[in-house]
Amino acid sequence: MNTGLGICRRHVERAPREAVERLSRLGVATVHEAMGRTGLAHPVLPPIWPGAHACGTAITVLLQPGDNWMMHVAAEQIRPGDIVVAACTSENADGFFGDLLATSFRARGAVGLVIDGGVRDVKDLREMRFPVFPRAVHAKGTVKATLGSVNVPVVCAGVLVHPGDVVIADDDGVVVVPAADAAEVAAAAEAREANERAKRARLAAGELGLDLYDMRDKLAKAGLRYID
Amino acid sequence: MNTGLGICRRHVERAPREAVERLSRLGVATVHEAMGRTGLAHPVLPPIWPGAHACGTAITVLLQPGDNWMMHVAAEQIRPGDIVVAACTSENADGFFGDLLATSFRARGAVGLVIDGGVRDVKDLREMRFPVFPRAVHAKGTVKATLGSVNVPVVCAGVLVHPGDVVIADDDGVVVVPAADAAEVAAAAEAREANERAKRARLAAGELGLDLYDMRDKLAKAGLRYID
Amino acid sequence: MNTGLGICRRHVERAPREAVERLSRLGVATVHEAMGRTGLAHPVLPPIWPGAHACGTAITVLLQPGDNWMMHVAAEQIRPGDIVVAACTSENADGFFGDLLATSFRARGAVGLVIDGGVRDVKDLREMRFPVFPRAVHAKGTVKATLGSVNVPVVCAGVLVHPGDVVIADDDGVVVVPAADAAEVAAAAEAREANERAKRARLAAGELGLDLYDMRDKLAKAGLRYID
Amino acid sequence: MNTGLGICRRHVERAPREAVERLSRLGVATVHEAMGRTGLAHPVLPPIWPGAHACGTAITVLLQPGDNWMMHVAAEQIRPGDIVVAACTSENADGFFGDLLATSFRARGAVGLVIDGGVRDVKDLREMRFPVFPRAVHAKGTVKATLGSVNVPVVCAGVLVHPGDVVIADDDGVVVVPAADAAEVAAAAEAREANERAKRARLAAGELGLDLYDMRDKLAKAGLRYID
Amino acid sequence: MNTGLGICRRHVERAPREAVERLSRLGVATVHEAMGRTGLAHPVLPPIWPGAHACGTAITVLLQPGDNWMMHVAAEQIRPGDIVVAACTSENADGFFGDLLATSFRARGAVGLVIDGGVRDVKDLREMRFPVFPRAVHAKGTVKATLGSVNVPVVCAGVLVHPGDVVIADDDGVVVVPAADAAEVAAAAEAREANERAKRARLAAGELGLDLYDMRDKLAKAGLRYID
Amino acid sequence: MNTGLGICRRHVERAPREAVERLSRLGVATVHEAMGRTGLAHPVLPPIWPGAHACGTAITVLLQPGDNWMMHVAAEQIRPGDIVVAACTSENADGFFGDLLATSFRARGAVGLVIDGGVRDVKDLREMRFPVFPRAVHAKGTVKATLGSVNVPVVCAGVLVHPGDVVIADDDGVVVVPAADAAEVAAAAEAREANERAKRARLAAGELGLDLYDMRDKLAKAGLRYID
């Protein structure tokens, strides 16, 4: 039995760097679509400034409510290009993270933080341009008393994250790409984006989606009635 | 029996253009007051950027959860100056709307979108300066499989909207003015605004609302006790 | 029996001006920590613009739902450097406060408003740079019909506030410092901030919190297992 | 302009008594399905005891937050077989209704109450077996100071209700049948229920919905893959 | 500076026993009204079975999130007739309390528990008929690692409680009567209840609140229009 | 890339029957503790009647919002002793399940349903004594149009469930035991329960947890101050 608590795994099988870089040029919505509409966290992790964006390989943290001890354990495991993904054993909005930890994470090479919990010092974090996607902003301080884990699989805001997965976060939400699928998803997402570019031009010219996507027959068969 | 599903009404009795233009120069709070403190949606539809504003005649959409098919049906019904108002048959935060539909809506002349549901591509929407007032931001994709309706009366975030009504949305919320009342409400709101301008100057000079609104007697009669 | 309703207390024992000024240069998180991690409101009072900040001595208001009469009674009690803290006898998001009251409050010397309720005219409030920390933004108008109180102790978003207490509000939340503790808390917070400055430099240089805070032994004793 | 406030309409066009009686023998889910899946309130109005049920013709009330004055105006309009449906001009959980009003409503012939607000004295209400479907239970008292309306169209928990409509409430929720459609909906719902009875027997015997509803082909066409 | 953490106060000035007994025969709504409509907690503390009721003198506990250590400290301070009132330094639904603590609390003479947090073993608690009014039911276990306090003033679900205050909890909510006001409030509540008994009989006989409370003139003056 | 949609896995590696039976005699809180305080769903899945209990091996379902097609696909995969665990690709409270599906599930041998979504016909479900643990009760009907999956890993109310895992649900919540750990967890939970029995007797006799758990020294070291 592996309860998932009290563990720090040092070895992480990270997604290939090249795939991460390709994914970093794509939006969350596009990547989610390219994965067959899967991989999204619940829409409860807004960025701390509009337009914030982060894409990296996941270092996962499992926190205890009111306790940010594991964030320090996680810091040591960060490699350049990682993004920290923190979940909690119960719902808790305390301020697990602030400007000091951000300074440390950045010094280790982290590109951002996704956290199903609270953060504080957000004015400083904005000035540092350290992208954070938290459930809450809360000045509430935390203790360092109880073990959680680092680099175990975690459920963060409803989505399963394994260490090494690619995590992309922007204004639209947070999506998780399993490490093994990263290259394939990047290719599918790039194709989707190219396809959308063409459609955008036609829609901008006034063409209707009804025609562009050939919907009129299907709507009629489904029983749509036009009345005046 | 008219169940309200599977219908697209083409004819919309729009509020007079001149009244819409007058209303577009007024804020939501002022218009709501001028209507005797009625007509407001619940405060759950924040703009996707601070200061966003939209005022138009309503094209209404009734969506099914997880399904944005009717948005495409609605696009065809848009006339310049319209605002799309989308409700859903149940609470659902999926991303019913993104930059492609915004491109299409704008090409048809829409001035904005109010939606009791989720939207995505918000960074693009902000760059396009297409004002959207959604319940949620969520990358979650939708399908095109089940009929809703277009241009039937809908309840959107708690407020009843008929096609053709004037809908005004800004930082303070969303207000709906019945088409037939548009001119009368515009006049009352303009009067109210003029009245407030005078009061603002007196308050800025240090006069108290207690005196300006002649409240001291009423407070005393209600039993207010001043103590030291 | 003092029910707390129908009273306006004129005399307020304000925290010393010098302590308020020192506290105004510190953040909410720092002050909360310096108070032994107490004094915080629930994280439900975000500022109406990012970066808004206010620090003053509290004028308290107890409102009735849908009724902002007491805000006018409170205006008269404001002295320069005060911050108004408004609670409500039940949860209510109506727009108790807008640009007219802001004009009046500012004319009296108020430095901001914390309100466990709704406000409106937020675009104007932002332009005025009048810092407001509300639970909601809502255009809904209120009446002036039922007595609440001014300058009684109130619970606002979960935190107890006495008239004259120092209230600090910023992006991280709202913290209340009892008037009698203001100088002591200011000193402790200043010391804490100085201490954090040194740590920040070491963390920025790549030192780990594990070493800086001497955590490795404690983690091992608590049973943390490193695995590969 | 009719703002909807300050009005009590005495004449109500009630749905035919015979249709109401037929509808009273059917469940909310069945009636909602028979209306083409429309007419439901949001699922926020649980009964005050499991199994509570009410079906009647609507007397509508529009309340102000924290104010139950209009409930007394409504009482006079109640005819035997009516159900009172109360909405509020803003979200408010105060205790608008208790055992005294229940006593009065029952004496006038009311069969129940649906209220997008709070109620109190619920132990007494349960003992009286007066079915109430409230948004909240809250002891908070209300005042009698501001006009709302009686027997105007209201939006209650997201559903539009006209005076005289049939309102059915049970454990599954609250559904509104327009007065003019009552007989037609009753017939459709009765047919649906008869149809379900036959299906229930076949499912109880172990037959699968896949076969009963002939789904296997459609699932295969949609692309369902069975794997081992 | 007294931060409120790390303290257990042994001496509690309890409300007079006789007043507590009188209050224990009254409902929460009645007592709240008798206090001028004050003293109520937010409506988020439902009983773990319908009809549960508790009235006692408060032993207060301030918990840390995820940590129930202080509940054991509190147990020793319980005297027969006390009710434990537990708040938390941040919002947290963990299961701070279960059947073992209930066994201990009861052995010490406690009459119930009000807790702005989670509890578990609710089936056992129901069988024991130990009345608990929690914010949540959650099996989540807690640790014993960080100090809170016992018998300091706490804010529990929005209401201020001092040790020794009378706390009454029933289906309608939780009300707090300051120890010094207990006798006066009991008298006022008894008077109110007697008065309501007479009104109930008249309303049951069909008399309208409009007449019983003499509202018709006031409504007319406020502008109520009857239409047909 | 395996997107998790459009799949029905027929082979499920179920936890050993004997371990399931032992676990079925234990409560959710006890099992969660025996797993090192892991495995719990969020506290949002209350039973449809107090005291409802279910324990079985998981058949998992991934639904689309507003669409219950996959419930029928799942029915065929049920073996006696299974419990169905349904998640949804986005938050949705529609009534995915009612008395017909319950009849079918029971005929196949299912012992209950855990669903992160809505159910209806709850009165019938209670009369059938079919234990259901839903996020919501809602009469809202669903369609059968879009593929989800059956027997893929799902995240349900925040907890990861694999097909074949043991799922236990009662008043205290829902806990998931990985199939491979079932016997070990059962043993640990039984030991814990035996241990608690002894403690309960000592606490009932008036012994304090402070002494039973030997806390006094640790509290003193942590700095607890007793004052009078």
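Letters A, B, C, D, E and F mark the chains as written, and numbering starts fresh at 1 in each.
The rule is simple: a residue touches a chain if its C-beta (ideal position, glycine included) is under 8 Å from a C-beta of that chain, and two chains touch if they have at least 3 such contacts.
From a predicted model like this one, the values you see are computed outputs, not experimental measurements.
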Contacts common to subunit A and subunit F (chain labels): B, E
Pair exhibiting more inter-chain C-beta contacts, B-C or C-E: B-C
Size of the rotation, in steps of 5 degrees, that lays the CA trace of subunit D over subunit F: 120
Centroid distance [mean C-alpha coordinates] between subunit D and subunit C, Å: 42
For subunit D paired with subunit E, centre-to-centre distance based on mean C-alpha positions, whole Å: 31
Multi-chain contact residues (two or more partners), subunit C: 6, 37, 89, 91, 93, 138, 140, 146
Chain-to-chain touches, reported pairwise for every pair that qualifies: A-B, A-C, A-E, A-F, B-C, B-D, B-F, C-D, C-E, D-E, D-F, E-F
Touching residues (chain side subunit F, partner subunit D) in the complex: 6-11, 49, 69, 71-73, 75-76, 93, 95, 98-101, 103-104, 106-108, 118, 120-123, 126, 136-141, 144, 146-147
Subunit A partner contacts - residues on subunit C that touch it in the complex: 27-29, 32-33, 37, 40, 43, 46, 50-51, 170-173, 175, 196, 199-200, 203-210, 213, 215, 218-219, 222-228
Interfacial residue positions of subunit F with respect to subunit A in the complex: 1-6, 35-38, 42, 89-91, 153, 155, 158-160, 181, 184-185, 188
Residue numbers on subunit E that touch subunit A, as the complex places them: 64-67, 89-94, 138, 140, 143, 145-146
